[in-house]
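Listed after this line are the structures, all set down as structure tokens.
Shared between the two complexes below is subunit A, which pairs with subunit B and subunit C, respectively.
Then we have the complex of A and B:
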């Protein structure tokens, strides 16, 4: 029953979401049956629309990966905070702060290509990192619950962004308030014409690897995880828990800010009122569904994005099944992650069965 | 007359940790008997009781209750058959009242409405009928541990338990509470209830049990009538070899002063300070014991010395550095090691692997990290070395430690704290809850550290431990040092007088 080895953690990070997804699909088929469509056909359409790739210029998978990019990053942001013992729900606000800074620096300063997006992303990470650090200070110095402060700060960030795009940064008096287009030099290039999947995706995957290395291979990451798991033990060992928590939320904010910057530099190229569809919140869900593990987050984010796209263009367009079902499907899966102990039992049972067959010969006694 | 419990040929193997916890165990208990089940940590006692309580299903074997075979797949099955268990860690709702806890799931009421007055009445009657007075309206969180345990027992009796399994019931109790528990146990046995209790305190077995079964490495090695056995014999059966009850040690060779505490004042939970101006020093190569009844400021003293709690006034010195206000990490860097009172929640992180536990105080050393990156290959090697050197059973470097027994967990703590030869070791109740074999190991290890020149501050409520390990003894009473005794002068009586608030003059007079 030693379930904490890193290998087992990784198996769980992969197997639990997969099992939750299968369960969600099974239950959702009931709804499909009720609405009069064949579940098999519907899922076929769903997956085809979400993950197929017929031609380079007409590739749904590319769009899915583009949609997954901010989800991976906001999911990683949540992982960074949760693993440090801070239940920060501030990803949405930090995402908006990062996006606002990126959109402003995109037209306000002029730098050569390559350098310009790098400066912008660094600035967005710094700004959003501070925005994430602040509730950490409130928690460690004054003991104010971080769940509440981060949610409140999300609202403040949203109002700030709305103000910025309506007044100081407003480009013209069009119907939807928006800021001027960013410089061409600041744009993060896409890989293929007709799709916005590009450098941002690479950054997101690299970030997943870096978060994994940081948390499991470096001293500050180790300190953050220990302080997050058992604060008393960490303090007893000589780890400064407040420092670890502050690092955790500041880095978490920076990653969410990077997500916002990439969304502006790679996809929208300007700030639009209401451009975020709750990507920060989705990040929390991705993190939970992905077992608060960077590998799980990367897998789940891609899946999540594909389901969304598939529901929109597969179910709705091809089968006239309302696309809300896609959202419902995702919600069902989250629900099934909540019963992960059931899967843990299955996985453990499978492991025991396997080991019994392998090791029956020589049980080592305690 | 059939046995109340008859378990035959019980085997249980845990593939995930690769442990054969029970191997062909035969276990019989007569009706209305007080039956002790003893064995070292990890001998399989708790597994056997969990099987009887329906928490685990055995791989092989039969269970007979009152002569009839039963299959127990779930604790509910066991409870229906009249078997109930009081766990070491109580399963009570702290914010509920005593009555609400006892009647949880069996509330008397009408049409879905609770009737608190009736609940209190039911519980009062139940408690009176067994002679176990409780206040039905008290909140469980306000009760002392002994009372909480009584609530657990009443909860089982309310479900009409005929066979009561108690998992190390005295581990958390004060001596006074233990005596009360024993009265309760005798009382229940007289009323025809069968009691099985797990323990590794052999004097308790001799005092209360009728029959004792000894387990070792998953097997039953002996079954004795208590009247026909003795503590040394039981200890030999448990450990499989002769056990030294006296610690063998050379006379101390104290060197220079390593650690000193001057006029230390430490705040407590209440209005008054818990430590009220304590001064002492510890020399290299000596063990300074601090005796006292639990709750006389020892906990706060240890926390202030180790940096877990701020100091109000006074100073703590380590090798002539003033460490009074240094954080834990810097104290450790200056040579402090700390074996904490609670290994489960303070000394170890049970949610992670052995590797990550073994470096928690030492990960900054060049052997374990370079430029901020952890060197996992070296860490694993170090973990394997500790496992081998201290023979930590059933442990693997990259795996969790939550299934290890108390003795093995303490070995991990000690392996970590004593590696790198610390100058000053604070050992706070280092053998609490351990079996005789593990206690012997801990004592031997501390003596060895002393002989290598470490200064050791030993805090313990076990007088035997204080007396056999310490070179000098301080007694704490109400936050002050009530007196100092040399190891030779410290008798049970003289310590007892000081611990109860008497004066040293009295000790001398009576001596």
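Then we have the complex of A and C:
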């Protein structure tokens, strides 16, 4: 990373999220005080419950990693789109499309064990990729704002999923609509008994590595980043900006679709009414706090998942503090990233002071 | 289906339209001023929450609706401050705010009222239904249009007011100029910041009023995620209505009636309700494409005219030069 971003950018990329996390924790502790609980104890419980591992069969960390899997992938999807200059917020819709395709192919076709999940994931990626490509075409050909179309397409995907799970794919007349269980051959195996953390997590981390290599170490990826960052420069250097942006959103859709497929194949094994509420938005937030970088996304996704789980087990079960505080904390951190212009000047000033103080002796070192 | 059922359906359609319409008017106003306001969802939910809480504390539901509007306007002005003074990214801010409101309303309910996400109190009065004197006595129309609560009528009034404001006042002209090209507007002396502030405050107040309709107008309770995507549906309705308040009114009516129809049909027929709700969303995309195509077409025509004019000029010049030469 140090190779292509100067030290200044790197410190900013680390400092801003860290400051946002600290400020988020501070502000949330006010809410905790108002509701009559001790912030220190609450945070202690939160992080203990989110990231601890007492026994192999009952390990919170495993569950955190399982929860982090779709977050990593939807976060990567957001990175892929944002870096290509498309502010696509369609992760939610693409995730649902991928999940619906996966659940359908899970019971509709029958294939041998290893092949089945691979075929399903490929199909989900293709379907969701097309779903991501469509607003891209509308943007590049007709100039329709992709932020708007992806939001409307999220509504449509949500309605489509509700329709699919209630009508053509409905298994029985249970209270919650759900589709039939997928074949055993299609299930992505878990590593440890009693936990659903499995192959999906490995795929997510590999995907993070691949996204990094693709965007920063290959020519098509470079074209996408230049088209997103400096469109005019890209045009003058002979890059086809429209093509690069389209590639970006299609790949972004495919990654979000993969997240949906893994969630079905590895965790739920069937489509459930309302099984994903806002996972896509979480992905956007992960990308924002992770500084739109695969490494940041992987770290932040695990962090968010731990906070969600910690809020559920540590806060609600142990301290009777409502678990919504976990989500509130995440939202506060994003708020502080959003308003970074307020304290950015302050960071710059601090660094200058620091550099003057520390490096007064040798002006050569930069 | 007999006539009472249809009437019933239309009345419930009007009720379901109201929150969507209020959010959509706010969205249309922002779109006209060139601001993407995704925070309507969160402002709506906050309006629902504060509306019912203040109705409970102040023992008056109209006051509750007023407090909700005030909170929406305040939040809007905060957004405007951050946007104008610090160039904060409004979309990121909105995503964070939506999530913050969604989680923290439940957090406060659980902390202070100790329950599982749905709250109500018998002392809270629903907003009273108003009978409109003259219209009330007309047979069918009266049953349809009279006897709604004040927020419904306020939303209709807001539609008309915003139409006049946008298209028949100096302020509206300036507002649209800012939306089309802020730099040009600034250059001719329009106070861009002031317009953005007013637009964000107004749209916040409208969305929050829509939220208050949900919690103290339509029902008298608050539940987790009560706005349930209506802020974004309103956004779609604004686009479908071409950001023109009158168009937005009918677009919202379509979305609202589709919701009402979906609920009704579930009991009567086998038609999947989500397919009916599908329709307005798909129409929104179609509308967006058509608008873009029209713009593209206009551009092409303009370019062709320009080209032919230039060609003519060149030809004339050449002819002149030829004459001089000869």
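What we mean here is this: the second predicted complex is superposed on the first by the 325 of 366 C-alpha atoms of A that agree within 3 Å, B and C clash if a C-alpha of one lies under 4 Å from a C-alpha of the other, contacts with A are read in each partner's own complex, and residues count from 1 in each chain.
By definition in this document, a contact is a pair of C-beta atoms (placed from the backbone, for glycine too) under 8 Å apart; a residue touches a chain by one contact, two chains touch by 3 or more.
Quick caveat, the model's predicted, so the values are computed rather than measured.
Contact comparison for subunit A: of subunit B and subunit C, C touches the greater number of residues. Contacts of A:138 after superposition: subunit C is touched, whereas subunit B is not reached. Looking at the shared chain after the overlay, A:351 reaches subunit B, while subunit C stays out of its contact range.
By the touch criterion defined above, A:239 reaches subunit B but does not reach subunit C. Residue contacts after overlaying the shared chain place A:328 against subunit C, while subunit B stays out of touching range.
Applying the stated contact rule after C-alpha superposition, one finds that A:110 touches neither subunit B nor subunit C. In the superposition on chain A, contact of A:41 is made with neither subunit B nor subunit C. When the shared chain is aligned, subunit B comes close enough to touch A:225, but subunit C does not. Of all residues in subunit C, those touching subunit A in their complex are 36, 38, 82, 86-89, 91-93, 95-100, 102-104, 106-108, 110-112, 225, 229, 232-233, 235-236, 239, 272, 274-275, 277-278, 281-282, 284-285, 288-289, 292-293, 295-296. By the touch criterion stated above, subunit A contacts subunit C in their complex at residues 31, 34-36, 87, 89, 138, 142-145, 147-149, 151-156, 158-160, 162-163, 166-167, 277-278, 281, 284-285, 288, 321-322, 324-328, 330-332, 334-335, 337-339, 341-342.
Of all residues in subunit B, those touching subunit A in their complex are 13-21, 23, 42, 44, 217-218, 306, 308, 327-333, 338, 340, 345-353, 356, 360-361, 363-364, 369, 372-374, 376, 393-394, 396, 398-403, 405. The part of subunit A that touches subunit B in the complex is made up of residues 1-7, 217-220, 222, 225-226, 229-230, 232-240, 348, 351-352, 355-356, 359, 363-366.
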